[in-house]
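The following blocks contain the structures, represented as structure tokens.
There are two complexes below, and they share chain A, which is joined by chain B in the first and by chain C in the second.
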Partner chain A sequence: MNLSIRKINAILQLKLQSIITNLSIMVAPLLAIGFVLIMKMSMPKAVMTGAFLLSFGALFNSIMGGIMMGSYPLAEEKEKNTLRVLMTSSVNGAEFIIGSIIPSILMIILVNIILVPIAGIAMNKVNWPIYIIYTTLSGFISIMIGYIVGIYSKNQMQAGNISMPILLIFTMTPMFQMINKTIANIASFTYSGTIINFINDMITKKYSPSFKDITVLTIWTVLSVLIFIYAYTKHGLDSE
Partner chain B sequence: MTQLDTISVKHLSKQFKNQTALKDISFNIQPGEIFGFLGPSGAGKTTTIKILTGQMHPSDGVASVLGVPTEKINEHIYEQVGIVTHNSGLYDKLSVYKNLEIFTKILNVKKSKIEEILKRVGLFKDRKKIAGKLSQGMRQRLILARAVIHNPKVLFLDEPTSGLDPSTQVEIHRLIKSLRDNGTAVFLTTHNMEEAEKLCDHLALLNNGKIVEAGTPREIRLNHNKKKRYKILLKDGKEFILSQSEETTQKINWWMTDNELVTIHSCEPTLETVFLEVTGRKLI
Partner chain C sequence: MSIISLDKVTKKNNGDYDLKNITLNIDTGSKIGIKMPPTITKTLFGIIKGTLPISSGIINREVNSIVYELNDDGLYGSYSVKKYLKLFQKIFNSSVNIPDNLQEFSLEDVENTKIKELSNDQKKRVSLFRMFISSSDLILIESPLTNLTDEGIELYLKAVDFVRKSGTTILFTSYYMEELLLLSDEVYRYNDHTGLEKTDIINEPSTVSNDNKMDKFQPQKNLKIACKLADKTIFFNPDEIDFIESINSVSNIRIGDEYYPSLLTMNELEQKLENFGFYRCHRSYLVNLQRISELISYSRNSYTLILKGPTKEKLPLSRAKMETLRKLIGA
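Right, the complex of A and B next:
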């Protein structure tokens, strides 16, 4: 499969405009910022620690945002019959995916950076390379999950129905972790759990990447890409 | 396939589980030709377009577009092909201009072509309008503009004027003819026999997935003009429909000599009548 930079660039510009003009996609990054701000201002500092606020915001943005940025635009393109138009205008599936994923990833990175000062965390307290890599990877995994949902959805409503339970499970991981140790242990094997533990450790003590964290994130990344490739190969982006 | 054929179809069939959509159809289309596929809903017109554009595989037979077998069609051929289907979508939140701009970037077409094509389809003054706010006729013109912005060698039109007002239909017909005159091969499906008659150089009548008649619109009509009849209007307002005979010839001669004859028309069948005669069903 050949890749054309010109076509990827055209899709990228199209998707950037779609993301900015589609409130249902922008809602996750905006809510992430909004919730962190509201919780910080309205709740006592002892409860709403910087670590909690940042992990909550980063999860909301990377997971909810990622899944929505993957599933909704793909489902919308299918619903409005524009995906088939693109595919029959010489754009191939890989060009479409690459052109679509770049603006979503950039948006996730940007909001994750903005969340640090909003959560009241000093910039020098953040291990930036690892923070960016981990949160971007979790955004990427979420976008892949979103694409898989998008492939199996005929319209935006169906995409919303399928993705809602998935994004709730991963976004609410911090809440589940508080319930008991077993759930916390299970959650640590999810990519969202890894992000929470990393942010907690980074803020409260010094974090150094552990074998477990790297393995968990790698497995989730590889698995999400493999499942996406399977779904794409079996159904294409625009199956009837 | 001859050297000149843009589209070549040989013994094409398509089977969906228990339903046969296409049965052994064959035809060729050359550059600068409008080929019409005329048939009622469900006759197999859209299935044929999907096979020819590589979106569906045939069950049997071979077809090629621009020399490429349809089963080997990939994204590269679409740089030379334009497609308009009845459910082609637009980016509703983007302007008319932006909707075309995306495709100039994808298809490597100069931006100046956008204004040129918008003028041709009568949407230039609406170029800043949001596509979602366009009327059905304007949407269809924009979809057509997008399909031809790269001067395709082949244009597939699936019921392009269905549900449009007569003036929009005329504008679209004019554009299709000008593309044909510039060498584009046009594959047009329609169930509108007037449209087929006006536009098409060659026609195939499709019924239940089978081509039941083919040729130029005139050939098809004349082939079925078995009982030659003439409709006559005389000065005194009397109207007659007379069959061809020696007696009719004498009568016409007499009326003409006496300057009684006001109008005379041959009564060859319309494409719709031919279709009804051949298949026993109407075109709608």
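Right, the complex of A and C next:
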């Protein structure tokens, strides 16, 4: 499959605009920032620790934002029959995907960085390389899940319906962890659980990358990419 | 020079035929129109472009730059016309100058308008401009004139002429013959059972004075039209016939949903049947005036006759024939 930088660049600009102008997608990064701000200002500091605020914001942004940025634009293109126009205009699936992922990832990274000062955490307390790698990777996994949802849905409404439960499970991971130890243990094997534990450890004590965390994130990444490739080769982007 | 030739191409899907027996030669500069239902147009376009594999037959493709447009293709509504065209200029890596050509597509005044604010007529021309930018050798378009206004049709036809003059071959498909006659010179129709057949469009010398014909009018009641099917010859009363259509130089008598090939030519049938209330509304059609239920004008230069019956068959009527028809039916 030939990849043309020119076409990827054209798609990238197209997608950047479609993400920024689509309020139902932008609601995720905006809510992430907004909630963190509101909770920080309105709740007592003992409950709303910096670690809690940052992990909440990062999860919201990376998972909700990622899944929405993957599924909505793809479903919208299918709904409005514009994807077909691109595909018949010599743009291939890989160029479309790469061009669409780049602006989504950049947006997730940017918001995750902004969230640190907003959550009231000192810049030197953050293990930046690992923070960026972990949160970006979870954003990438979410975008892949979003694409899988996008492939199987015909319009934005359907994409919203399918992604909502997935999105809730992963963003609510911290709540589930509070229920009991068994669930907390299971949750630690999800990619969202890994991010929470990492941020907690990073702020409260010193975090050093553990074998389990790296393995969990790698398995999720590989698995999401594999399922995406399966769905893509079976149905193409347009599963009509 | 032939751009693409298809020889007995068939496409099957789950054991059923999607497309059957397509034999078609698309030459450079040819103006082909194909009458077919919208459900199979996408398959035909995919096959011609090469994105869909065929089940049997042979395709010879001399060129690879083919773009197509289906009737419900969408545009990016939040983009302005100029921005949208620039996006595709980048994708196609095209050297086509957009501002210089806006006039040809009658889009000069809406250059900076958002696409969602454009009329249907304008959107169709933006879409045609996009395909023009691709500098493809062949463009395939499905039913572009459906839902356009009279003015929209006129401007679209002007833009199509411009694209054709620039050296691009355009093939149209539509479910309506009358649309194809505006867009093309060579018309084929797709039949589920037999495949693609050419419809004759013969340029006849203009008709004899119509007034004389009116004077000669005399009812006759002793005529039967003979059709040969296998080893049988079937006779039809003229009043049973809905209309007669010329397909591949054979006059086909249409009764209900069935076609029966006649042994006579269109001219012979016209002579025989004009006294039975039949009228040659188009070079390829002879219509039973008693079956006409509606007359519709989609554009200034063309009219369409809608016949009675469940299929509401549509027949083209040229402007020149309009007056004579009005006299005949006393409208």
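Just so we're on the same page, the second predicted complex is superposed on the first by the 240 of 240 C-alpha atoms of A that agree within 3 Å, B and C clash if a C-alpha of one lies under 4 Å from a C-alpha of the other, contacts with A are read in each partner's own complex, and residues count from 1 in each chain.
Here, contacts are C-beta pairs under 8 Å (C-beta built on N, C-alpha and C of every residue); 3 or more make two chains touch, one makes a residue touch a chain.
Note that the structure is predicted; figures quoted are calculated from it, not measured.
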Is this a clash or a fit when chain B and chain C both end up on chain A?
clash
Which superposed partner A:158 touches (first chain B, second chain C, both, neither)
neither
Going by the contact rule set out at the top, does A:82 touch chain B (first), chain C (second), both, or neither?
both
Let me test your reading of the model: by the given contact rule, A:92 touches which partner, first (chain B), second (chain C), both or neither?
first
Could you look at A:21 and tell me whether it touches chain B, chain C, both or neither (first, second, both, neither)?
both
For chain A, give the residues common to its interface with chain B and its interface with chain C.
6-7, 9-10, 13-14, 17-18, 21, 80-82, 84-86, 88-91
With touch defined as at the start, can you tell me which chain A residues reach chain C in the complex?
6-7, 9-10, 13-14, 17-18, 21, 80-82, 84-86, 88-91
Write out the stretch or stretches of chain B touching chain A in their complex.
53, 55, 74-76, 78-79, 81, 83, 87-94, 98, 102-103, 105-108, 146
Would you tell me which residues of chain C are touching chain A in their complex?
49, 51, 67-70, 72-78, 87-88, 90-93, 130, 134
Inside the complex, what are the residues of chain A that reach chain B?
6-7, 9-11, 13-14, 17-18, 21-22, 80-82, 84-92
